[in-house]
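Note that the chains are named A, B, C and D in the order they appear, and that numbering of residues resets to 1 at the start of each chain.
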Amino acid sequence: MIRVAIIGYGYWGPKLARNFAAVEKSTVQWICDDRPEMLRQAAQSHSNAKIATDSRDILRDPDTDAIAIATPPASHYQLAMNALKAGKHVLLEKPMATSSGQAKRLCDEAAKRKQVLMAGHTFVFHPAVQKIRELVRSGELGEIYYYDAVRVNLGIVRNDVDVLWDVAIHDLSIIDRVLPNEPAAVSAHGMSHFSGSQVNTAYLTLLFNSKLIAHIHSNWLAPVKTRRTLVGGSRKMIIFDELEPSEKIKIYDRGVTITEDAESVYKVLYDYRMGDMHSPRIESTEPLRAEVDHFLKCIERGETPISDGHAGLRIIQILEAAERSLRANGRVIKLK
Amino acid sequence: MIRVAIIGYGYWGPKLARNFAAVEKSTVQWICDDRPEMLRQAAQSHSNAKIATDSRDILRDPDTDAIAIATPPASHYQLAMNALKAGKHVLLEKPMATSSGQAKRLCDEAAKRKQVLMAGHTFVFHPAVQKIRELVRSGELGEIYYYDAVRVNLGIVRNDVDVLWDVAIHDLSIIDRVLPNEPAAVSAHGMSHFSGSQVNTAYLTLLFNSKLIAHIHSNWLAPVKTRRTLVGGSRKMIIFDELEPSEKIKIYDRGVTITEDAESVYKVLYDYRMGDMHSPRIESTEPLRAEVDHFLKCIERGETPISDGHAGLRIIQILEAAERSLRANGRVIKLK
Amino acid sequence: MIRVAIIGYGYWGPKLARNFAAVEKSTVQWICDDRPEMLRQAAQSHSNAKIATDSRDILRDPDTDAIAIATPPASHYQLAMNALKAGKHVLLEKPMATSSGQAKRLCDEAAKRKQVLMAGHTFVFHPAVQKIRELVRSGELGEIYYYDAVRVNLGIVRNDVDVLWDVAIHDLSIIDRVLPNEPAAVSAHGMSHFSGSQVNTAYLTLLFNSKLIAHIHSNWLAPVKTRRTLVGGSRKMIIFDELEPSEKIKIYDRGVTITEDAESVYKVLYDYRMGDMHSPRIESTEPLRAEVDHFLKCIERGETPISDGHAGLRIIQILEAAERSLRANGRVIKLK
Amino acid sequence: MIRVAIIGYGYWGPKLARNFAAVEKSTVQWICDDRPEMLRQAAQSHSNAKIATDSRDILRDPDTDAIAIATPPASHYQLAMNALKAGKHVLLEKPMATSSGQAKRLCDEAAKRKQVLMAGHTFVFHPAVQKIRELVRSGELGEIYYYDAVRVNLGIVRNDVDVLWDVAIHDLSIIDRVLPNEPAAVSAHGMSHFSGSQVNTAYLTLLFNSKLIAHIHSNWLAPVKTRRTLVGGSRKMIIFDELEPSEKIKIYDRGVTITEDAESVYKVLYDYRMGDMHSPRIESTEPLRAEVDHFLKCIERGETPISDGHAGLRIIQILEAAERSLRANGRVIKLK
């Protein structure tokens, strides 16, 4: 039985706790938060868990094996570093840290200690994302031409992070898992419409060492929620609509075939195959459950998670570069 | 009765001819094309029109008052200039020319001769676009924060122009008509996925001397046709979906109200008003009919069209800057 | 060259004329209507056709081979009978007549004279309907459990016929073509909301000598247009949405498998297979073009049309029974 | 503090327990079920509740004030009667009983004892249904012409009740709350596609002593879930789509205006007003929470619930009549 502590019991913490409580191989040992109202709710839902207001009580407990951290981003690094140093395995919400330097140090610490450090890239465990990865990686789509994500929201405008760190991070975690190559450079434009606040509307272009182009539209101020991704390949194309209840993924048998016209080397004719559409059944399992299962399995077997610290680091590197590009009016910023 | 000649009888020419034939105040005098099959069709549908394979026959005809040009873009400038010099009023398909220099010379020639020169910006006459203009200009949306257009297609990949000149030009003509200010600079990223061919997937950001940001996603290789525009304001927001049969425009009473929290000058609380949605009835009139009516009215009254040569010029200037930015890897290019 | 006359140039006549003019093997010889405005439009679009205000002029013309009748239903029978007796082939808009007795006499006359009599069941030529027929008839859907059609409109409320004769007739023509059996009885409920006017909202149930049940919801007073048909089979199910631009037909691999539970003969467990969805590409050809082609082909080869007079008769028999049921408060009326 | 017992902890029981636990004025005292797995889950989620396998333990407990019954329908009557006789207030899932006789006896018992008996018509507490009621009852829709509900599902095929008792019951509870009059008679057609099993596809028509007609399509075997209701009035019309995330209710300003044509008393011209559409913001509160709040408020104040036993009785009377009509091949069955 893996004994887990949850640090941070706001929006995401209760979901983590519910899942760690529901699976056979783990138990919720501690729940930590400094808001009395949150602790009251924690006690009600998890009456067997111990309650803490100071995370150091948890780190000192030799019976705690793993810690899931779901606090605001600014505290991620220090909490995770302390947990690793206390010998605990760590599941760390995204963004893993507020700088790539911090993320790197977390990776190093976890590697040195041979403890599991996993970034909470929940989308990586979404059945639809797994299907897209399979379609892309198997070559069924052909050469990947573009990846276009729109993730716009009428949600909470945050002051601690901008819309890229808050929203685009989801798409970056999917891209990191799905596309065959890592981006080579980024360019971003955006706007903060309120004085003293963070960028709330942003457009991020990812450039690759190939003909692939990826683009993310992130927006906190949209009139309706939209989560729609297009993946265009030379043979097939995908629409992934997270909000579509029964057909989340549609695969279009519509590629482009180029025919060189015999009469002229300068003339290219494009022959569109307008084929059928296929929507595979997507399991309706909760991605967070799969994430929790994966974390526990990695602890048991001493394996590296698919969304390990390095995945978290890669995404933070992109976000840092995007932030620099935003400030430099869209200048292309190379990665690495 | 205004006697009109149609030059170019491919995709758009028949639509122009049909509309000029249908309205009371004009008649189709000539149809010109160099493809026998097209002329056969023209003769069948417009048995009273004269047929020409050489546009000079038309220019020489003193009975022809106006010329509508719907040939490929490369021939626009010369045909339009010849028509203006022959004393004809000109309705010129977009893009008006292949360079801003040419467009400028057409404007000058028309101005000197006091003849009507109108760019075929059909969307300007779309009832939904007129409604959006009204909502934006009246202040009903409040301060405009962003304009986001997605226009993607599974259509014909062209070799003569890129996807911005072919597709984004529609959005630019709407933006030119709707938004209160002209863009100050542009940045564009895109990709040509086929060797020797034009950019087929492009992202164009328009920057303004204000907090407004506009963005256009143009794509020839999408699995399904999409034409969806968001206009976000401080008081209300619009979704314009051209393909939506009964509710093309939805107006959301969802703005953002900023409240300065008394306790801290650094902290901004955002109070979302999640209000009602309203979808005004949009007339289902054909925009091209309104365009043709407007052209004829301007000829009769000696008035300047709302999509005059200068509107066409402004859009070509943006497209030229976008093309430079595309080649310079997204560098911001100032407009004048 | 088959020389065709069009009688009735209101809503549907111009479409017929355009298609007969466009195909190679026919020419529009006459257009007949008694409204001067309609004849003016006919003359403009079909300058080579002769114009008549009295259909007898056409019947007397030995050069006319076939007549397409698109007048109001009340005149169908007499015009068609006269045309058949004058030795002309007839394409007759639906409903073919206002009673099954009339329809029967038309069938007999056409059979006696070995002339083509075709009912204008345009949906029979819709590529999506042909696909559904193929799926149903090949057994791919398994046993057909139900056919459910919703066809509601915000259109013209008519006084000459009720909503079943005007709207449900489309669904009946599809059912006649698609389903493996003819209905055995009908039951209908409906309402006329305006005094002295016809039933404008109706629900029609078709009963079969099997476990199949079909149902049609017809309504002139709906807030939005809907045309949505479900066909449920034991192996697969279809959704046919005529207004869906790119995915008119969706085939769901979701049947029901019944498993007898070993423990109890009274207990039946249903095992749903929740499988994939497939949307085959549907050609975007105009059904009326295919209908016109089929009519001309039948004339040339002396063949019986797939929507012959007997198909028209079967549908009128159902409508008559439905009308009786409506008046008898939904009483089940046997067919035949 | 009102102490509540939950009897039945399958699908709906846990939702009831969660809501009674979450509100201030009640506490979950007992949870009763005879399945060990369900009781294990109950103990985990409600560690302070006592667990029972026999409901008589609860009835004997003088500290229990109210009982919420969420067992299969066959046990509803006896459990509720016992609870009432033990002096408990009762919240009883729908259908309240399996016959109107039983339902009547429950009403009488509750009335005699002045205890609260409430039917679990959750939809009555749905904010969208409350909005529809307001629109209908205020006269804003004008005269109500029709009510058309489609509720089809790919769910569990049940053997204990048919699709009307399982699915149409939701629509009947909405109709009971929303429409100004009670239905006067019903007619139903349906089919059981599996031998020995209940009707799984059904069409139910409700007739009123007015020009109103209501119709419910209930189906367990549909390829996709649909919950769509049209309410047509002489002034406005509503579409209520439960599955629409952001616009559950759309109100169309499209009525029908009848103009008597002066020339003829027989001729009626219909003038459609094709107006705007308005989608009011609907609160996203959980209807079950409002139901629980209402139940507790009625207990505290000794008030009659809006979905009292008589509402439950009326719906069972309609279902009984529908069942008779189903068996009599759609014969119209009068209510009362």
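Please note the rule applied: contacts are C-beta pairs under 8 Å (C-beta built on N, C-alpha and C of every residue); 3 or more make two chains touch, one makes a residue touch a chain.
In this text the structure is predicted, and so the values were computed from the model without any measurement.
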Steps needed, at fewest, to go from chain A to chain D via touching chains: 1
Chain located farthest away, centre of chain D as origin (C-alpha): B
Length of the line joining the C-alpha centres of chain A and chain C, rounded to whole Å: 52
Averaged-CA centre spacing for the pair chain B and chain A, given as whole angstrom: 39
Multi-partner residues of chain C (at least 2 other chains): 224, 246, 250, 274, 277
Contacting residues of chain D [partner chain A, same complex]: 21, 44-45, 47-48, 224-225, 243, 245-246
Chain B residues within the chain A interface of the complex: 143, 145-146, 148, 150, 152, 154, 156-157, 159, 187, 189-194, 196-197, 201, 203, 205, 207, 211-213, 215, 217, 219, 221-224, 230, 232, 234, 237-239, 250, 252, 254, 256, 258, 266-268, 270, 272, 274, 277, 329-332
For the chain D and chain B complex, residues of the former touching the latter: 246-247, 250, 253, 274-281
